[in-house]
Amino acid sequence: MTRVNFWNEFRLEKSLPGVRNVYPEGLHAPVVAHLRAQGFEVGAASLDEPEHGLSEAVLANTDVLLWWGHAAHGEVQDVIVDRVQQRVLAGMGLIVLHSGHFSKIFRRLMGTTCDLKWREIGEKERLWVVAPGHPITAGIDNYFEIPHEEMYGEFFDIPQPDETVFVSWFAGGEVFRSGVCYNRGKGRVFYFRPGHETLPTYYQPEVLRVIANAVVWAAPRPSATYRFGHFPQPIEKIG
Amino acid sequence: MTRVNFWNEFRLEKSLPGVRNVYPEGLHAPVVAHLRAQGFEVGAASLDEPEHGLSEAVLANTDVLLWWGHAAHGEVQDVIVDRVQQRVLAGMGLIVLHSGHFSKIFRRLMGTTCDLKWREIGEKERLWVVAPGHPITAGIDNYFEIPHEEMYGEFFDIPQPDETVFVSWFAGGEVFRSGVCYNRGKGRVFYFRPGHETLPTYYQPEVLRVIANAVVWAAPRPSATYRFGHFPQPIEKIG
Amino acid sequence: MTRVNFWNEFRLEKSLPGVRNVYPEGLHAPVVAHLRAQGFEVGAASLDEPEHGLSEAVLANTDVLLWWGHAAHGEVQDVIVDRVQQRVLAGMGLIVLHSGHFSKIFRRLMGTTCDLKWREIGEKERLWVVAPGHPITAGIDNYFEIPHEEMYGEFFDIPQPDETVFVSWFAGGEVFRSGVCYNRGKGRVFYFRPGHETLPTYYQPEVLRVIANAVVWAAPRPSATYRFGHFPQPIEKIG
Amino acid sequence: MTRVNFWNEFRLEKSLPGVRNVYPEGLHAPVVAHLRAQGFEVGAASLDEPEHGLSEAVLANTDVLLWWGHAAHGEVQDVIVDRVQQRVLAGMGLIVLHSGHFSKIFRRLMGTTCDLKWREIGEKERLWVVAPGHPITAGIDNYFEIPHEEMYGEFFDIPQPDETVFVSWFAGGEVFRSGVCYNRGKGRVFYFRPGHETLPTYYQPEVLRVIANAVVWAAPRPSATYRFGHFPQPIEKIG
């Protein structure tokens, strides 16, 4: 059974009534509940726990890590970022949500600024499927809408994705590559744009479905072994 | 000097007053004039000429071929499509415009249906740059608008592009990968979406600029040689 | 249960003793046997059957099609190639083996010549994993060797792969991208290089394992729907 | 005129006679001389200079930076790595050579370990062109050989390249993706494998030619502008 862990910064729910009202138990809560209902084993971790809740032991038992952060990216310790990066490269799946685009771990794995345009007026977002054969799109009917969301607009400073799955249309006039896949080492990374903290996005069935699909896609699977380092003997006789 | 050839189906300008009024000398005319003003050597060819104007001699003297067709894709002879394909694979650039997405040559080079959604109500299109380091975007300021265009919407059934340069926002609610690059053999292919025949799109400066940039990008350049076929002698002694 | 069909040209086994001796029941036979032993439902089809054994009914019941051809690519009817292409774009997996690089269906889906260098002296091939997280590599230990194979060398005239999984080293001095993945429409395509008809390649466990892995990878899976064609009504009110 | 800067760690030439004998003026010297002869404006910088020779002013006047390091990656200050990364994302070209695969700047831009296999017995390397239309291959005849080189073997832990240009064959039995291109932000990055410090690789004409081609390819060129940050006003009127 795939073991999922949702890392939520979990600060804004405590400091801002406008967030707490929407997500009284944390914005991870509806996602965790949905994934459990789908049969996944799901834990949660957050910034203010020791080691941000991401001890070696926790990560060793995590197949897919979800990441939501916004106000305190800078407080995430580099040693934990190193640890998560190593686990991803060794095969753990990583799903980065919304404002996690600016997290240390996402910028670390991308190598770019991950910067973008944004606007917070609760406009309509429509996510179009541009890779309808991709398993992350299972059950989606060519597009789905989120009635009110924060806008993220291009240029989104990321490496060219290995696969682009969703492109968003915003009522205010922008577009955004809102679902993008990367292979990094043996791990799979999915960035999924929706999820502003004052809006009920993580209760919406299509959003939950995409996240659950992404968990399945990102989970480690049997694959090849590899070698690094010094191999002084040639395989072939030279000469 | 880069030698350009604009292949225009050139039927609708003759049969439909609504097209002829906008493009009295053919919809290729403003593009040809602009490219000439930029210093390119530019010819034109069309469907009803012998060999559709694309004899071996013409193609041998073409560095970059532009292609616009719509109503008569089926009348293009397969032998000419073969010829153009071979020239592209040998290094000629190809720029496919608008309804050329359904041309034999584009579908041949893509291997897919190249199908899409469409709507013809003259809505606003806004083309966003999603690869701001790409030379095809030179001189463009993060986006540009076309006040009235035909809509093309996703899913656009093309292979994942080698580079996606523009993504369009449409007032009616759709998005579209409207500028996409491919390498095929030694040739470069650029598909550029705008250009409905009843609208003055090909007079718009940004559109002309992108096409001129694409000609520069797609032009053949010095590169490696390669070998195909039977090489019975190994390079290395075996055994 | 994934339904597999192995299309084998199946001529050389009849005309050449050197082939028949190695594969008395056809070179598809050991692959078919292995896949059945793995629990797949597996059929076989060949060139000299009516419709080359690929009727609409057969294809409608095929999840993944394997393709081996060499001496008679030109005899495959275009109508059957059209049919297979449409099925792939609609989601059927396709695994093209060895000399199938020159088959009509592979060239159709690639849009390029698919040409290469070759040499037939039975030299050693070593296939290196360059994407160790890819499920097609499951169970492979960083590389595997085929003691005697035909050589295929670069340049291999294919579009840049969506993922390159194996790169081959040949004793005679060449390299080759010998396992490459493509998405085309909703379908997945895997080209796998090994399999010369006079050599016992298709009895080798690693080769069989890769093919079985590729069947799992290429099988259709739930994904999004899409729309093509005329949608005269905008989704959003314009004005 | 393109302004090039070769950053060489420049320690081994001083500490190891075996290196100094081959490159008495530093291993950058023959590359610098060749690029100057080609008409580029070329400077050099090294680890033990203040700010490693990469002040803001120097980088502001650098179009393409070459990078060779091996024994002292850890001594490169993070503030300088940050600075180089920002310049690359803003459009400066970067060419990373040989053991620079483990430099902080390359790992920063890739997001992966950039680890690999290696062996130092001076075996033959043959670099095959797998993208013969790429301008970095200009003047190369399908492959070239380096008589004696250090071996680097797969798995090379890098993101899937935006374009793979060279694949190496090694006499000892390995293969390696030895020339790979990336777009990062507005900048272009080329990793080129050859260049062991005790071998005269950087005197070889084909190696010099590839590096000169890469400088041309990586140089910044006119392209689009972009916006980041808060844009509170929608472009379109909403509602």
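Lettered A, B, C and D in written order, each chain numbered from 1.
Throughout what follows, contacts are C-beta pairs under 8 Å (C-beta built on N, C-alpha and C of every residue); 3 or more make two chains touch, one makes a residue touch a chain.
Note that the structure is predicted; figures quoted are calculated from it, not measured.
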Legend entry - chain B to chain C, fewest steps along touching chains: 1
Legend entry - Classification of the chain A:chain D interface as same or different, half of numbers criterion: same
Inset, instruction - Specify the angle of rotation obtained when superposing chain C on chain D by their C-alpha atoms, rounded to a multiple of 5 degrees. - result: 180
Inset, instruction - Express in whole angstrom the distance between the two chain centres, defined as the mean CA positions of chain C and chain D. - result: 36
Inset, instruction - For chain A and chain C, let me know how many angstrom lie between their CA-based centres, rounded off. - result: 33
Legend entry - chain C: positions in contact with at least two other chains: 126, 129, 131-132, 142, 153-155, 160, 162-163, 171, 173-174, 183, 185, 226-227, 235-236
Legend entry - Of chain D, residues touching chain C in the complex: 126, 128-132, 142, 153-156, 160, 163-164, 167-170, 173-175, 177
Legend entry - For the chain A and chain C complex, residues of the former touching the latter: 91, 126, 129, 131-135, 137-142, 162-163, 171, 183, 185-188, 221-227, 235-236
Legend entry - Interfacial residue positions of chain C with respect to chain B in the complex: 85, 89, 108-113, 115-121, 123-124, 151, 153-155, 157, 159-160, 162, 171-174, 182-185, 226-236, 238
